[in-house]
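Once you scroll down, you'll see the structures, which are given as structure tokens.
In the two complexes below, subunit A is the common chain; its partner is subunit B in one and subunit C in the other.
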Partner chain A sequence: MKRLDLSKLGQYVIVIIVAVTLNFALPRLMPGNPLALIAGVDVGLLTAEERAQIIEDVGLNEPILNQYADYWVSIATGDLGQSYRSGRPIKDIIAERLPWTLLLAGGALIISSFFGIILGAISAWRRGGKADVPLLTGMIALQSLPSFWLGMLLISVFAVNLGLLPSFGAISPAANYEGWEYFKDVLEHAILPIVTLSVLSTPGVYLTMRYSMLEVLGEDFIRTARAKGASERRVLFGHVTRNAIAPVVTFLAIRFAFSFGGAVIIETVFSYPGLGRLVFEAVSGRDFPVMQASFLVFTAAVLIANLIADLLYPILDPRTRAA
Partner chain B sequence: MTPPAIPANRPRRLLPRSLADRLGWFGAIIVGFLILMAVFAPRLAPYDPSERVARPFLPPSSEHLLGTNDVGQDLLSELIFGARVSLTVGIVAAVVAMLIGTTVGVIAGYYPKRLGSVLMRFVDVVLILPFLPLLIVLAAYLGRSLTNTIIVIGVLIWAAPARIIRSQVLSLRSREYVLASRSMGAKDRWVILRHILPRTGLLATGSFVRAISGAILLEAALSFLGLGDPIQKSWGSILFWAQSRGAFLTPAWKWWVLPPGLAIMAASLGFALIAFAVEERINPKL
Partner chain C sequence: MTSPASIRSPLALDAPPLLALEGLSIRFDMRDGQVHAVSDIDLSVKPGEVFALVGESGSGKSVTALSIMGLLPTPPAIVSGSIRFEGQDLTTLRNRAMSKIRGKEIGMVFQDPMSSLNPVHTVGKQIGESLRLHFGMNRRDAHGRAIELLDRVGIPDAASRASDHPHEFSGGMRQRAVIAMALACDPKLLIADEPTTALDVTVQSQIVQLIRDLQQERHMAVIWITHDLGVVAEIADRVAVMYGGRVMEQGSASDVYAATRHPYTSGLLRAIPGIDRSTATKLAEIPGTPTTIFAPLTACAFHHRCPMTEPGCTSSVPELMATDRPGHESSCIHHEELAAAGNIWLDDASTIQPDRSRSDDRVIVTVEDLKVHFPIRRRSGRARGTVRAVDGVNLEIHTGRTLGVVGESGCGKTTLGRTLVGLIEPTAGSIRVDGSDDDTHRTIQMIFQDPFSSMNPGMRVRDVIEEPLRILSMGSSGERESRVAELLEMVGLPTDAAERYPHEFSGGQRQRIAIARALAADPQVIVCDEPVSALDVSVQAQIVNLLRDIQDTHGLAFLFIAHDLAVVRHISDEVAVMYLGQIVERSSRDDLYREPLHPYTKALLAAVPVPDPSVSHSAAPLRGDLPSPSNPPSGCRFHTRCPVAVPGMCDTQPPPLLEVSSERWVACHLVGSDQPHKRPQTGGEQS
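Then we have the complex of A and B:
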């Protein structure tokens, strides 16, 4: 197997440095009192001593480079600070929220890759044909669909008008279901958000698959396969799909991380208690420490996804393996 | 005439040209219609969208075709005036993005060695950062205003155009006529302005129109999260209020939620189709 590309790793390190530095610099560069943005307290309500005490606690009176170094130390030790709304450690809040977002993003990943890959393959195989043109135009149209709007419409139709599914939350409050009942409850709450997120993700998978297939179809070895008399089915599955899949998987890994970002909006519509909703709550409650910590978690998610994609690529496409 | 700047190994087209062109024209018609609506908003709208003209939460009637919102403003008038905000933010943010993207792309492509590779490193970092969360964090820090929305969107979406333009410039700079011009002692400035920039024009147009399509969606998302300008309501802001007043839990979704979403989709799709047609026409291998 190819050893990990060092320049890629270097790039990830740069991304981490940029993200952490942005987090550090933003509240200090903004106009107004940085105390409110960093400690997340209402400065107007404090006496002068209390203010001095907090400045001391947060370390705002130290030289800026020391603050920067301290910031790195606290992040490296997993200390993300405290929420100003609830006073709880942000680490705990994120640990509570993360599984729900993983559920949504994971469900959407499975559904969108299923439809995206199959429809993309059909489209490319009969390019310009009866299925291809409406599929392609439909997918382009889906890319322009505002996800939050789709979510609102799904709630109006399926939750309110038809009464089939719940319209908010991740579990029924105060129901205390157990076992199978609990599983069913979680599933019912997750269906609409997952569908919304899947609709958002499918066009990207489809377009990547279609393009990747078209590239492979133009290659010499496909003509060779046909010339030696391989059946169409064998050409499609043995030659084309196998060679077209690597870029798609890379795309999926990265798409998964971006689903996290999309979750900010979708979880807000469905009042779903995941990481995305947490960002929205932090923004509307001006809970800056939580907002920043979430941004770091999103950055970590993107980097992990990219790393997985880099590791998977040479396995799926042996041609890119170094000798 | 000099040959158009298209690499020799062009891939096959996504679609037959006529279809791509037809889709492009369809997009142009949608966009034209929306721009007319934005320009003539004061004449088209039956009421001033900021005035409370009737009782709140009215269903559609002959006086108020789309009913009224939670404070009694006419929803149809809000929708028509919303076109101004949404289109302005989309277009201006795309201009900002293209200014940054073209500058970075041309410099990185023309000086590919040290300067270019440092710039592209930076572009890659911007592309990798979690886009939507960063957008929200920046918008939250900067505060809610039209200018801030434009800046935040503009400074986050320039990286993709920069990359596309750079690869074009990279291939242009080794063309014979560019080499000839340089060997005759032309300064870099002259070569870039005279030979490089004009031939990235069409490509940049495609990126620009695509950036508008994306920026319109981003503006809608930001406004929907309550980070839009509180005074100038865009289509996204209408949906923010519909959401916070629970309109989608009542029959009001048909006149309060449905129309602004359709408008956002129409605008974004219109520009996306134009971009698609333009890109199909150039289709360089990127």
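Then we have the complex of A and C:
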């Protein structure tokens, strides 16, 4: 019974088709020669023979439907083309970059959900109390911080002034650490970007949790639980939390997917070699094939995060289980 | 503080009270002032008795119950006085000590079974929770005991249902589960706060019977909190009537009903449109509305609305006084006069409500074979079935007359009303409105159930009332303005109400605004969908009388939809009984109530609580809940609950709606089958 609704899966398929088609169509709809996509601004410098050669190589002379079909085949086989700048297969580049972004986004997700949920619960449980008012104000203030500013602030304090942590990169270049040393090195480099991302994500989790808890606390079944003789602790953990957490899970899934996009700024500030940094490099170098491929990865991330939320929801809220 | 009531009550002498409230006052300190919810009351409940606390909204009855349980939020609530349970003052207990009494010594059942169970835990787990909390039972023992309890409260197949979640239970079943939960630890006192208000009358009688059985079986005391004097008469040993946070009258149920010694109680009793009282007179109205008490009382709480008020009533707050009957107390200084005079809410000539003749009416709306089906969608939007909300209804509405429509929730009566007004597209069949080629909206208007949510809070009353005129482009702005003033006067509101906002009015006043809005475009038919069910009893009578008056002066036709059979009887000329989307019986009001023919009509009428404790109460007439309208039973849709269903006939062939005698239509195989002249009603049979 708890299998995923088939029609729900159909919606995912539609989103994938639309995303891939857009990705295929956009460069072809853009003004100018699609060659510019492959060769970038240098297209004007190429001779007529070189152009013909490239068009031949990439198959731009074939009928549009064939090109579309080929595009699907190449995506299905994991062939995302080659970077114009480095000439390397984009698949390899992404495989290299993705783990770093996952490390940042995942780390931030765990930290921000931990603090967001606990602080949100504390705030709502004693609404208007000693903890609630400063927490609420503080969180709203945090939410309005610009991410690049916060990143730079952290760098200047912890890396420049205190010299405790490295300010750029994911690993120390040319150190060739192994085992525990390597792990420590990676962690040291990841701390500042993860903290920045976490600080920016926590207010959203906090506000969602606080609101959701307040909603549940006003429900009749909370009064029923107290009437049964449940202690306040039991009311909180046995009755409120599980009901309040479901909307937070949805929020976290969306937040996780978006932190991929948010990584563009953070990874740039910290010169962190993740996907976001890759996008930044591709944009500044007009490396269109890489931008296209990153776009597909972002789409996939959003879809996977949503899928996870969809799968978790029925477990948390039995009312949403398919009959 | 006054001496406790129990000392004066001879009934209390034989047993010490289980619960004694002494000088209990409850105040809420809100940001914009104080609300005095309960003012210095004394009440006592003896072991094993059913004590009813009756009152309208704002009387303080629910707040009193919550204070006994220690469930009032403090602040803003401030409780003073004492609440002694088996001699121990609960107000002095800390929360931790109190939670050892809650659920173990005192159980509580709440009003709305839909929201009082936690949606994420199984029903069995929630029942077992009390056992684990108070008796330290392990998970498996608690589950086993939960199954026994579910079985005891009448849940079929309890062993497997215990693992279901609340949303898989119907309303009546959930209330049974809540009762099982409250009784899990065998409490000495059960507090039931409006336990049947959210339920259908047939389910209500099942729940009343269940609680009565359980109470006798366990010799448990029950505090039954309600606004419904009918239910109280069925179950209570003693009754206290509250108003404005004070006890107006208390005594044995039979004394309070038959020898009423307070004008408020007698007003309430007379305002109820009983199922067997004369419809020749209007309902007695209690003027005004229940008010919130913002300052400490200095007078009788009821003096604003009382016909007997004199200077003595406002000089001090009257205490409960012994009356001529033992154990019966009244706080009215006129209680002796009342004993002598009897009824003070006299009917005069102007209250005569003539029966309307049928000579000059004509059919204004004809509904033929109307079907309204809704697809049931999954979360993904794909249809997985159909709810046959209205499934083949034929009826006629006559000018100047009222057709009442009754039935349990889910029978399709509200869908029928909304389809008539054009809010829902019919799936099949026709609605013909006679003599109007123009907009149906102009001819048919609607009054909704909930006067609080059916009005845009951002609009002034004037705009609310004027809106139909503007939509239909009727009149200039000056004409509309004078029309609004005229309408306000017609519904008994001051003209300056036009410039105020809906939230400034009470429920009854808002329903008057809703009536004015419905009347604005000068319609010929008004669909009233439960127009009084959200109102207090004393206000209900005002609105019912107003509707009658307006109908008489304007010759309007009403389709009056309600679950309250007594109200329907009072206002209707003809009544249709609906079951699962179909009309099972339709006839003139007097015939239907005097001699119901369809077994379902009989059961509905038998389930109506009679506000008279001397009437003996039969067992609950219907078992189970309404089957799902998405999968109605085969044959006669009622056969699954029918006490006289004939296997082989009722479960296979759907009975047609036949005219069994003049102007009486019944859809039952067992009614009128020996009538030689039966003929199908015009417009085709029901399928």
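Definition applied: the second predicted complex is superposed on the first by the 315 of 323 C-alpha atoms of A that agree within 3 Å, B and C clash if a C-alpha of one lies under 4 Å from a C-alpha of the other, contacts with A are read in each partner's own complex, and residues count from 1 in each chain.
Note that in this section a contact is a pair of C-beta atoms (placed from the backbone, for glycine too) under 8 Å apart; a residue touches a chain by one contact, two chains touch by 3 or more.
Owing to the predicted nature of the structure, the values given are computational and were not obtained by experimental measurement.
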Scan A:47 for contacts with subunit B and subunit C and give back first, second, both or neither. neither
Of the two partners subunit B and subunit C, more of subunit A gets touched by chain B
One more residue to check, A:239. First (subunit B), second (subunit C), both or neither? second
What is the contact status of A:11 with respect to subunit B (first) and subunit C (second): first, second, both, or neither? both
On the A-aligned overlay, A:319 touches which partner chain: subunit B = first, subunit C = second, or both, or neither? second
Considering only the touch criterion stated at the top, classify A:279 as touching first (subunit B), second (subunit C), both, or neither. first
According to the stated criteria, A:219 is in contact with first (subunit B), second (subunit C), both, or neither; which is it? second
Considering only touches as defined above, state whether A:230 meets subunit B (first), subunit C (second), both or neither. second
Is A:153 in contact with subunit B, with subunit C, with both, or with neither (first, second, both, neither)? first
Which subunit A residues contact subunit B in one complex and subunit C in the other? 11
State the interface residues of subunit C toward subunit A in the complex, per the touch definition above. 69, 71, 95-96, 99-104, 107-108, 110, 112, 115-121, 129-130, 133-134, 165, 167, 178, 181-182, 378-382
Sort out for me which residues of subunit A touch subunit C in the complex. 5, 7-8, 11, 219-221, 223-232, 234, 238-239, 242-243, 316-320, 322
Contact residues on subunit B for subunit A in the complex? 11-12, 14-16, 19, 23, 121, 124-125, 128-134, 136-138, 140-142, 213, 217, 220-221, 224-227, 236, 239, 242-243, 248-250, 253, 257-258, 260-261, 264-265, 268-269, 272-273, 276
Within the complex, which stretch of subunit A touches subunit B? 11-12, 14-15, 18-19, 22, 26-27, 30, 37, 128, 133, 136-137, 140-141, 143-150, 152-153, 155-156, 160, 167, 210-211, 214-215, 218, 257-258, 260-262, 264-265, 268-269, 279-280, 283-284, 286, 288, 291-292, 294-295, 298-299, 301-303, 306
